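Shared between the two complexes below is subunit A, which pairs with subunit B and subunit C, respectively.
Right after this comes the complex of A and B.
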């Protein structure tokens, strides 16, 4: 144990030595110090930690990122057809020139540094707060590191129904960029926002998004992680939901050497709804990890986790999903499904579904499967004249449908579907 | 149109001979029926012709208008004009019925070097054909065969046949699981497709389907062979006396 702790400490200190904690005093400095203390207490993740058995964190921990070649996807950017307010980051740095004017009715958008410079700001009660709550019972050291060291980010306060989505666009221009981004979203009572995210962001990305949804608020989130083959990312979403609020998040991941997406949700108000979904498609050098932790701490709440992965040529998919129902969280409706479609014998899916229930009047179901293409369906399609490749693509899309159905906005769902189809089509040539 | 010569087939997985030398000629414009007891090899014959995996042809041939079916992939057979209406149509969750049909129609057209149907043309065509089979818009939108009743599944098979316009149609126990009304509807759909250039091979246990789809030729299959061939009266004979008499007679 001592040796492990020492190795952890060494790795942590090596990373911290290479980091520059942003200067400035006030509430942000205190939040950063506290986060640093949290990180030092747990140390950076190691393979022997319970939730890191399936994913090697070494590249995410290392003081410097492995370079990642730039990649031109040669297609329009995701969500290009959607009328949205664009907020652009280049290698993890906000680019005001490339971004739209940040003013919009019913919504306040500021750069994190601007908010941090103010003594009194709503962000003070959110920055690092949900992340800190999310450290127990499972430590999330990379998120604590993020709170301590985030160099940029955007803070959004939604007071009404946002007239159009806010789109965070992450461009990757430097092969060695290491981005640490931290965003805050506060959805006030009855307010609504759709947040879009797309792009690889950097050679290595560490990103935290804290979302606080007040009573009756709604937050919709759709992201498309960049197609860059060599990128690495560790992302965290921490969300807290008030009474009758709605949180829905969908992530599309195609390509990427290493992606760890953690989602930590607390349902703290009665009748809240949280849906988290993901579709991941990987070919060869691809390791994708979805780690989800949903805590029911109020009555009559609903949560859904729908994660689908399509893997080929040795790609690896990981799912760790938990539903925790606290004492008193009666009438909880929890659902969790994680499935992998393995297109060959070399690919791998590792799943750890968990339920922990301390209330007696709940409905919770979970399922996890991995399998190959259904040959009976395949023959049926081919017998109607659909060639093998096309039939396979139809079945892959069908397999992913339950996850894509989690996107409420039809135009956005169509955009995601088009990305999936294009990914499949490229592999047919 | 369809020529089957001395076709011998065994299961790939086990050393079990199912078809032991089937000879059959189906001419354009005709309807042939194959009747026979369970396990006689009727369904195997239909699967082998459509190209399902798991069977090994050990001898013989099967050609469609002279083209060797057994050398082709299932999709090539379909594009060449062969269609199998499944005894148990497959449910495909997540694939919309419309999407499936449009993909199939256009894949076949593409394979034959024809122009693909536009969305508008396709819609017009499918609406007309679906209404004849009493298939509503909701059924077209649903995933392929998912949640369909037995009758709906069979009607959906006939809809696919109508859309794909094959020249050789094989119907594998299309009457199984159908009540009389559903059977009439299916038979009407089939009869509407009868024409000079098209042939049907109707596989069935019972004579009752043949009251609605009148065959020109009836074959009795038993033990992996066609043991008797005759006119429509042969079907009545089966209906009245069962298979035992016929089998005894040819034994």
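Right after this comes the complex of A and C.
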């Protein structure tokens, strides 16, 4: 055990030595120092850690990223048809030229560095705060590393109903880029925002998004992670929900050598709603990990986790989801489903759907299934004259439907669906 | 029982509450047998390991086997991943060997056994005389004598008191004796199979057991033999500050069948006691083993004082094609339970089943479940777990279902239901699902809404509503399993089956 701890410490220090912690004083510097202390306490993740048994963190920990070839998808970017405010990052650096004007009614958008330069700023009460809360009971060292060393990011304060979605666009231009991005979103009472994210961001991305939704606020999030085959990413969303607030997040992942998406949500106000969903399609060298931790700490809250994975040619899908119902969080309605469709015999699905419940008047359920395409359904379609490939695509889309249904905005849902169909069509060729 | 009175919520019917109360409220077996006991010195070291080996008159290879386990154990750390909290255990502050003085001279037959020991088992309702029928079972007099015969191996603290029906079993070729006797009399079988399912250094508690186990049961059923009666072991902890480390080895040779039952109780004491057992089952081609447990160790008092720490490693190796192992457990006792009866489904078309009812009340904590490791083709497994938590108790289902790439066309179905009574307790589910081929189907559910659709459809089409149909299906197979238990166990366990599924959470 001692040796293991030592190996962890060595890996952590090696990574820290290669990092450049942004200069500057004030609250941001303090938050960075505290995060550094958190990281040193737990060390970077290792395969022996309970929540890393299915995903090897070595590539995410390494001092330098593995180079990732640039990739041109030769198709319009996701959400191109949506009227949105574009915020562009190139290899993890904000690009004001490519971005839209950041001013919009009912919303304040700044760069993280600008906010950090001011002594009095709302971001002070959020930066690293939800991340720190999210370290217990399960440590999330890569998120602490992010708070300590994030080089860029934006902070968004929503005071009214944002007239159009804010879209964060992550471009990948350098084969060796290593991006550490940290964004903050504060949705004030009764305010609403839709946040879109797309693109690979860098050869390796470490991203944290902290979202604080006040009473009656609503936050919708849809992201399409980049199609680059060689990219690697570790992302975290930390959200805290006030009374009668709504949080909905959907993620589409196609391709990518390694993706670890962690979502940590605390329902702290009564009658809050949190939905997290994901659809992942992987072919061959693809490892996708969804790790979700939802804590119910108020009464009559609802949470829903819907994760679907379609895997082929040795792709690996991981789901680790937990619903924690704290004492007193009565009338909780918690639902969780994780399903994998294995299109061939080489792919793997590894799941750990957990419930931890300390209140008696709750409805909590989870289900997890794994298997091949249903031959009866296939036979039905074939007998109606549908060619095998087409039938398979139809059944895949049907399988993913429950996750896509979690997207409220129809235009955005259609965009995601079109991308799924395109992915399937490409595989058929 | 006050903890259970507050906040019983709507939808949990009275009967459920009463049943749980009567089950968990009074510990019937908390009395102590006054008997002079001979102890080995407190603590564990190589000398104690040698002493236990010497006491059991073991051959050299066995002593060495124990010592190598002990050396491995010293390098190991106690596992802390289970959702149970208990004070640090001082492994040097307890006895590892306790034997009634009257057992000094090995009794040649049951007639020579100390009457106080016989009285103990009689009081527990365990028949140690072959002509005796199961005590206190209503209607037993009318039942045909053939149907109710159970061979018993009675273990008292560290030693086996006696084994019944040995001669009759021997006629059928079945070997049923204490493990210490098996080591002396059947070394070739013990050497071949001991540690082949649960390796010496499998985990902290199993390794400790490998070093210091004092007794336990041994069963060998030869090829093609259907064991003519139920076999049973009854474990009784009596001495204070004494750990019990029993070891059970069951070998079902090709095409054989055996049903084995295990029961256990302990006196009410202020301080906690350690129980770390290992059970190994080997099922060869076409063999079938049913292993049933009613675990009723002293659970501690209402304030959570005392009680047994139950750290048990149970594993079955379905080594042969078409072999089958079924684990059934009714867990009502122990302050802390850490137990995962598992099946390695190595043979093609082998089957593993796990049915569990775990009840925790007051300050009891149970972290229990199973592992189904599918290695062979067309293997099947089924897991049904019901956890009921009351008072300040914590009840966790922890399980693994693993489909290896070679395990084509395999199938698993898992259902876990939990029921919470009161708002101070907890119920948790920690399943691990690892699927590495696509021809296998794995389904895990922690809701009561989806049992086997065909069965449900059948019942629904006969006019039952979904709740009724579901209760019938779940009770149906639970009953089938519970009926395999000895009658006094079955009666106790059947009360549990009445527990409603309403208000369940995963």
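Keep in mind that, in the parts below, the second predicted complex is superposed on the first by the 429 of 429 C-alpha atoms of A that agree within 3 Å, B and C clash if a C-alpha of one lies under 4 Å from a C-alpha of the other, contacts with A are read in each partner's own complex, and residues count from 1 in each chain.
We take it that contacts are C-beta pairs under 8 Å (C-beta built on N, C-alpha and C of every residue); 3 or more make two chains touch, one makes a residue touch a chain.
The shown structure was predicted, so the numbers you read here are calculated from the model rather than taken from an experiment.
*Asks:* Now for A:387: first (subunit B), second (subunit C), both, or neither, which partner does it touch?
*Replies:* first
*Asks:* Can you tell me whether subunit B or subunit C touches more residues on subunit A?
*Replies:* For subunit A, the partner with the higher number of touched residues is C.
*Asks:* Return first, second, both or neither, reflecting whether A:6 touches subunit B, subunit C, both chains, or no partner chain.
*Replies:* In the superposition, A:6 touches no partner, neither subunit B nor subunit C.
*Asks:* For A:398, select first, second, both or neither according to whether it touches subunit B, subunit C, the two together, or no partner.
*Replies:* Only subunit B is touched by A:398; subunit C is not.
*Asks:* Name the contact category of A:379: first (subunit B only), second (subunit C only), both, or neither.
*Replies:* The first partner, subunit B, only.
*Asks:* Thinking of the overlay built on chain A, is A:421 touched by subunit B (first), by subunit C (second), by both, or by neither?
*Replies:* neither
*Asks:* Return first, second, both or neither, reflecting whether A:50 touches subunit B, subunit C, both chains, or no partner chain.
*Replies:* After superposition on chain A, A:50 lies in contact with subunit C alone.
*Asks:* Can you list the residues of subunit A that touch subunit B in one structure and subunit C in the other?
*Replies:* In subunit A, nothing is touched by subunit B and also by subunit C.
*Asks:* For subunit A, which residues count as touching subunit C in their complex?
*Replies:* So the residues of subunit A in touch with subunit C come to 1, 50, 327-328, 330, 340, 342-372.
*Asks:* Subunit A touches which residues of subunit C in the complex?
*Replies:* Those residues of subunit C that touch subunit A are 7, 9, 77, 81, 83, 405, 408, 418, 420-447, 449-450, 503, 505-506.
*Asks:* Using the touch definition from the top, list the residues of subunit B that touch subunit A in their complex.
*Replies:* Answer in residue numbers: 50-53, 73-75, 77-79, 83-84, 86, 89-90, 92-95, 99-100, 103-105, 107-108, 111, 143, 160, 164.
*Asks:* Which of the residues in subunit A come into contact with subunit B in the complex?
*Replies:* The touching residues are 375-377, 379-388, 390-391, 394-395, 397-402.
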